[in-house]
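In the two complexes below, chain A is the common chain; its partner is chain B in one and chain C in the other.
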Partner chain A sequence: MSTSQTSPRAATPTVTEPAARRARSRARLRRRLTPYGFLSPTGVLLIVLMATPIVMVVGYSLMDQVITNKNPAFVGFDNYAEVLSDPVFYTAVRNTLVFTISSVIAHFAIGLGFALMLNSPYLSNRTKAGFRMLYILPWLFTVAIIAVLWRLLLNPNGVINYILGSTGLTDGRTEWLSGTGTALAAVTFINIWSGYPFFMISLLAGLQGIPRDLYEAAKVDGAGVWAQFRNVTLPQLRPIIISMALLDFIWTTQQFALIWMTTGGGPINVTEVLSTFTYKLAFTQYEFSVASASAVLVLLMSMVLAFFYVRHQKARD
Partner chain B sequence: MSNGARVRRLVAVTGVATLALAGCSSGGTSSSDTATGDGGSGGESVALEFQQWWEPELPDGAFRGLMDKFEEENPGITVELLSGPYSSTKEQVVAGAAAGTMADVVGLDGAWVSDFAKQGAIADLSSIMKDVGYDDSQLASQVQVGGATYMIPVVNFVYPMFTNDALLEKAGVSAPPSTRTEFADAAKKITALDDNTYGWVLPLSLEAPNGVQNDVMSWTWASGGSMLKDGQPALTDNPAVTGTVDYIQGLWDDGVIAPGSFTMKEQDKVEEFTNGRVGMMIDSLAHVNTIREANPDLTFSISAIPAEDGYAGERGIPYASWGIGVAANSAHPAEAFKLIEFLMSESTNSELSSIAHAFPGNTEAVPDFVKDDELFGAAFDIYKAGYPANEFTGLPVAEQLMRDFGEQFQKALDGQQSMQDALTAAQKAWEAEF
Partner chain C sequence: MTTLATPGRTASGVPLRPQPKHTGKKVAVIAGLVVGACFAALPVLWMLASSFKQNSEIFAYPPRLITQGFSFDAYTTILTDPTKLRFFLNSYVVALSVTLLTLLVAVHAAYAFSRYEFWGKKTINVIVVSVQAVPPITLLIPYFGLVVVLKLYNTYQGLILTYMVFTLPYAIIMMTGYFNTLPRELDEAVKMDGAGPLTALWRILLPISIPGMVSVGIYTFMIAWNEFLFALTLTRTEDMRTVPIGIQLLMGQHSYEWNEMMAMSILGAVPVLVLFLFFQRYFIGGMTAGAVKI
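On to the complex of A and B.
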């Protein structure tokens, strides 16, 4: 630290004080920047993989004939007007809601039922392990396999029709996936089948975390099975149920592969959902601008759901 | 933690972030570099990229063998095959055209040509042929947009009628039907055999709507009719089209069409026929080998698609092509055209059609299988007796036109509207696309 040999007392305060201040402020700056440094990889990835495509799609939705035309022109909200004036868009919204709401309710009901069964003290551990494996199976298949499997099962000449026909429940000729009256119900059923294990596993984890003494206290108070379920189990599971339901709602509204591989949105528009509607605009009609507008509308709807999810999570914290 | 350690950590973290960003951007650059090809440097050797779905559909190594032959004959040009399934080829070409990274030579389907030509993605072959002095008299057909050629069909797969001999015989039908009345009659008899057999199979999936072309409009073309008038849609006030849709509605009402039509695709149709559940179908000759392999016991014949009663003119026979075109942004159009010239030459075209079991795009070429195989021989006779007809080839958004029609047609079959209303609605949708 000895910078001067002649008059240390006089020189040191004038030279070192600003330098020390600078060093201190640099250190403060570093301290303040360090967290941003840690965050920067995620930030960069978010910008490259999320923000950029979203901004591009929003930009596309305001232009005319992007991608297929080298010099697209700005058209304002014309593409949005086109999407919103298309009756098929409303059919797709309605179908998406029916598909999603039915799926989420059924996922919850079946998931809870199976989770309660797997958590039951009346079954031996071995039986429970067997059932656990059986119930989780649908979740292990990829969408492509689920689609092929159910297309074969629900084929007019398939196993389901054979069983229903031979037991006399139907005439055995139902066109499950190609009949206008049954297709939406059929794809919803397939989605329910493939998605309930996720609910089941989460609820089972929740059930296993409920303290036994709560049930014992309820029993002491004279509560029966139903009263215990209503006043202990359900309130304890409530945070999990709400989170799962919101997540499932968001995921199911975006279901594309299953519908595309089973019905392709048909017959006519009976199973058209927002994702297939947008895909067709982009990749069969090459209307990338209109498809972008539709995608932005879907994004806005998803953001409303995401808002509720985040608010719920915050409330929990 | 000391300030020095903090700074080091900050530098390290920022470095990782920069690397991640650089990794992403360098990925983008390298893909476009590859697509431009080595020949961009103007060196002696030119590397052509050829994107198609043909290689996976041919016996192992067969198509590469042809490319090796081309490379031998044309020293200094190498061909890199970019192969994928049919459905993804189209999407890749669309994306490649938008990003300017399209392969030099691309396999095309006639239904895509108008869109790609309009997009400016594929080159005008007429002017390239003129520049290189190519004589196009041997080409069986060319797909044009606005008077200029954009695609040359290399080989054609025709769609005749397949009939299950055993089922027909069992139903008391002595020969494959040749008129609509005979067909309807045969279909009824086959359906009456038992609960699980049907006369005909009609795939109308909107996801892959080519059933409208191959299984519906083919009836119109087989009787010399057309769905266009002066290049514009003519679905209404057109007895040829009305006759076809009314006829199919009749078959539908008679219950002779296999169930599941509305979401059925081409492969489901072939499966129904292969398993012996339907007596008759209209299908590509490309599936003959698949059917034979899947069910060696099935005996079937091939005949022309039945025409209107009393029609004696030439029958249009639907076809699908493996077409070829050159990317508009190719740096080597002359070399790219050399590859096309090679594929269209009499000997190569014969060889390719032989291994693909397709009919040649060169008028002089004769594939081997026509002489060796009775079924294909019969098909070749049908092909020569009629004319290849596929009015969707070269139309704008051809697949969407099929889907528009299919949607209205399904509504009519489902009883939601009359066939006349379906044609009016489809006409309106088509006019909007044109």
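On to the complex of A and C.
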């Protein structure tokens, strides 16, 4: 590309007037097409592996017995009706909301608490760096690892039951992940443990970016620690908090692996979320059409959230 | 600030408030930090400790952090099993390919976003941002059909291309942001000398963008190394499985070899941990840029 662009300029003096004009307009055209050239690999990838599958899944959701049947018939919104009349779908929606909202709130609370401590002026930078490293640890492990680790810790004979039992808080025999009363809380807790560092790091960066003079001014006005936090820290962090909460909300509603590997959605659907519900429809019941309808509903939900996220990001610019 | 602890007088002669108040705050913050560190790190410590136990000792009563039968057996078992070594090889091949290809494609797209005005720029930008929110589960069902048609089922290429769909948008956004911080005069100067945009990108911008590319690369590697859902669905044979699936397969066997699962987990976490230790600054840069800048 580099050599071809230089040629018109070098050739101009020797060629006739219309030819020169043509060469110039060709150069202009090429300049105009250049950004599309740079974007083309991305475009091809996103068209083949993002746009096409989305069109396909919408198509699947309107047909009968896709994948398993060679000539599926068009059935309109029948599959959607089937999903929307399935009580397990509503259980999954409810569980997804409980799981997501609890996780996002706890990620925010723990993330902010840790970020404030890590930003404390009373400690040396060395100490803070050391603690920061420990605090990021949970985020570095893949979900598969987190799932087996917590299955070990929360095992009825495991160390958490031992600690709770010996302090007398419980009888020490709780079946955390297989009890209907505790499973959802347990997977939510695991998700909280593994996800807060992302929030924390962003909030910490946000805290470090708050200008010192804002605090000085607040102190001059006689604001105490709490008033400074409420009137300076929180408003300054607001854009980051909203961004992170929306991102976290989007990602947490999509969580699959953690639940799949700890409870598989059970016992009796108490930890069934939309992603495990959809996955089971497709890959254990082979109801690919109904699963597609469910997948499209999940997509619509995510797109609504994404709309708010994009709008929020635009407003920040 | 902590050096103020020595009591004394300020220049104006007003006695400095005695400092125990600060020490008290310092102690409180450290106490809070230690509690937090227990929450964050004790489970990880338990994983490490369990990987050195005999399987019979995993649920010993009362539980012991440091075992009497300390051994590397679990590690030896895994590292001498060709099936499990293959999981690691697969994960490295896939994650490294995804990282390199994502960077390669992303810097060109980012260059277009950063240096050109063109028709449809805003729309394409919004598409790239919102594509990140598409739920993997939605794509999974059509992918299953698509990779079979494209003859990519149970191949490295299938996984690599799939992961790029998820890593690319983030990488483009990050690199666009990075290029935007670099003055335009740099590449304009090269173009004055008759060089094309590709030369400007490769000779001038990329060499000074290495910190940004390291951040993006680490993040991309981590996403690819950790991915579970597509690795589970788009591969079938044991010789194509990645580490996360390998860990799940260990769990599916009749008897639970907890010590081996923990050892495999530690080994599976090592690449990311090492990257983190050596590139902590870039790592954190990659984590925050999304929410703080954009």
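In this section, the second predicted complex is superposed on the first by the 279 of 317 C-alpha atoms of A that agree within 3 Å, B and C clash if a C-alpha of one lies under 4 Å from a C-alpha of the other, contacts with A are read in each partner's own complex, and residues count from 1 in each chain.
By our rule, a residue touches a chain if its C-beta (ideal position, glycine included) is under 8 Å from a C-beta of that chain, and two chains touch if they have at least 3 such contacts.
Keep in mind that this is a model prediction, so the values were computed, not measured.
With both complexes superposed, C is the one of chain B and chain C in contact with more chain A residues. In the superposition on chain A, A:Ala20 makes contact with neither chain B nor chain C.
Of the two partner chains placed by the overlay, neither chain B nor chain C lies in contact with A:Ala81. After overlaying the two complexes on the shared chain, residue contacts for A:Met244 are found with chain C alone; chain B is out of touch.
In the superposition on chain A, contact is made by A:Gln313 with chain C only, not with chain B. Contact with chain C, but none with chain B, is seen for A:Phe198 once the two complexes are overlaid on the shared chain.
Judged by the touch definition given at the top, the superposed model places A:Leu97 against neither chain B nor chain C.
Judged by the touch definition given at the top, the superposed model places A:Trp150 against chain C, while chain B stays out of reach. In the superposition on chain A, A:Ala227 makes contact with neither chain B nor chain C.
In the superposed pair of complexes, A:Ile105 makes contact with neither chain B nor chain C. In the three-chain superposition model, chain A touches both chain B and chain C at residues 34, 38, 41, 45, 67, 155, 157, 260, 283. Remark: chain A residues 1-6, 9, 32, 34-36, 38-39, 41-42, 45-46, 49-50, 52-54, 56-57, 60, 67, 113-114, 117-118, 120-124, 127, 131, 133-138, 140-145, 148-153, 155, 157-159, 162, 166, 193, 197-198, 201-202, 205-206, 209, 240, 243-244, 247, 250, 253-254, 256-257, 260-261, 274-275, 278-279, 282-283, 288, 291-292, 295-296, 298-299, 302-303, 305-307, 309-310, 313, 316-317 touch chain C in the complex. Residues of chain C that touch chain A in their complex: 1-2, 22, 25-26, 29-30, 32-33, 36-37, 39-41, 43-44, 46-47, 50, 58-59, 61-63, 105-106, 108-109, 111-112, 115-116, 118, 121, 124, 126-146, 161-162, 164-165, 168, 172, 194-199, 222, 225-226, 228-229, 233, 243-245, 247-248, 250-251, 258, 261-262, 265, 268-269, 272-273, 276, 280, 284, 287-288, 290-292, 294.
Across the interface of their complex, chain A is touched by residues 3, 6-7, 9-10, 13-14, 16-17, 20-21, 24, 91, 94, 98, 115, 118-120, 196, 204-208, 258-264, 277, 397, 399-400, 403, 407, 410-411, 414, 416 of chain B. Against chain B, in their complex, chain A makes its touches with residues 27, 30-31, 33-34, 37-38, 40-41, 43-45, 48, 67-70, 155-157, 173, 175, 177-180, 183, 260, 262-269, 280, 283-286.
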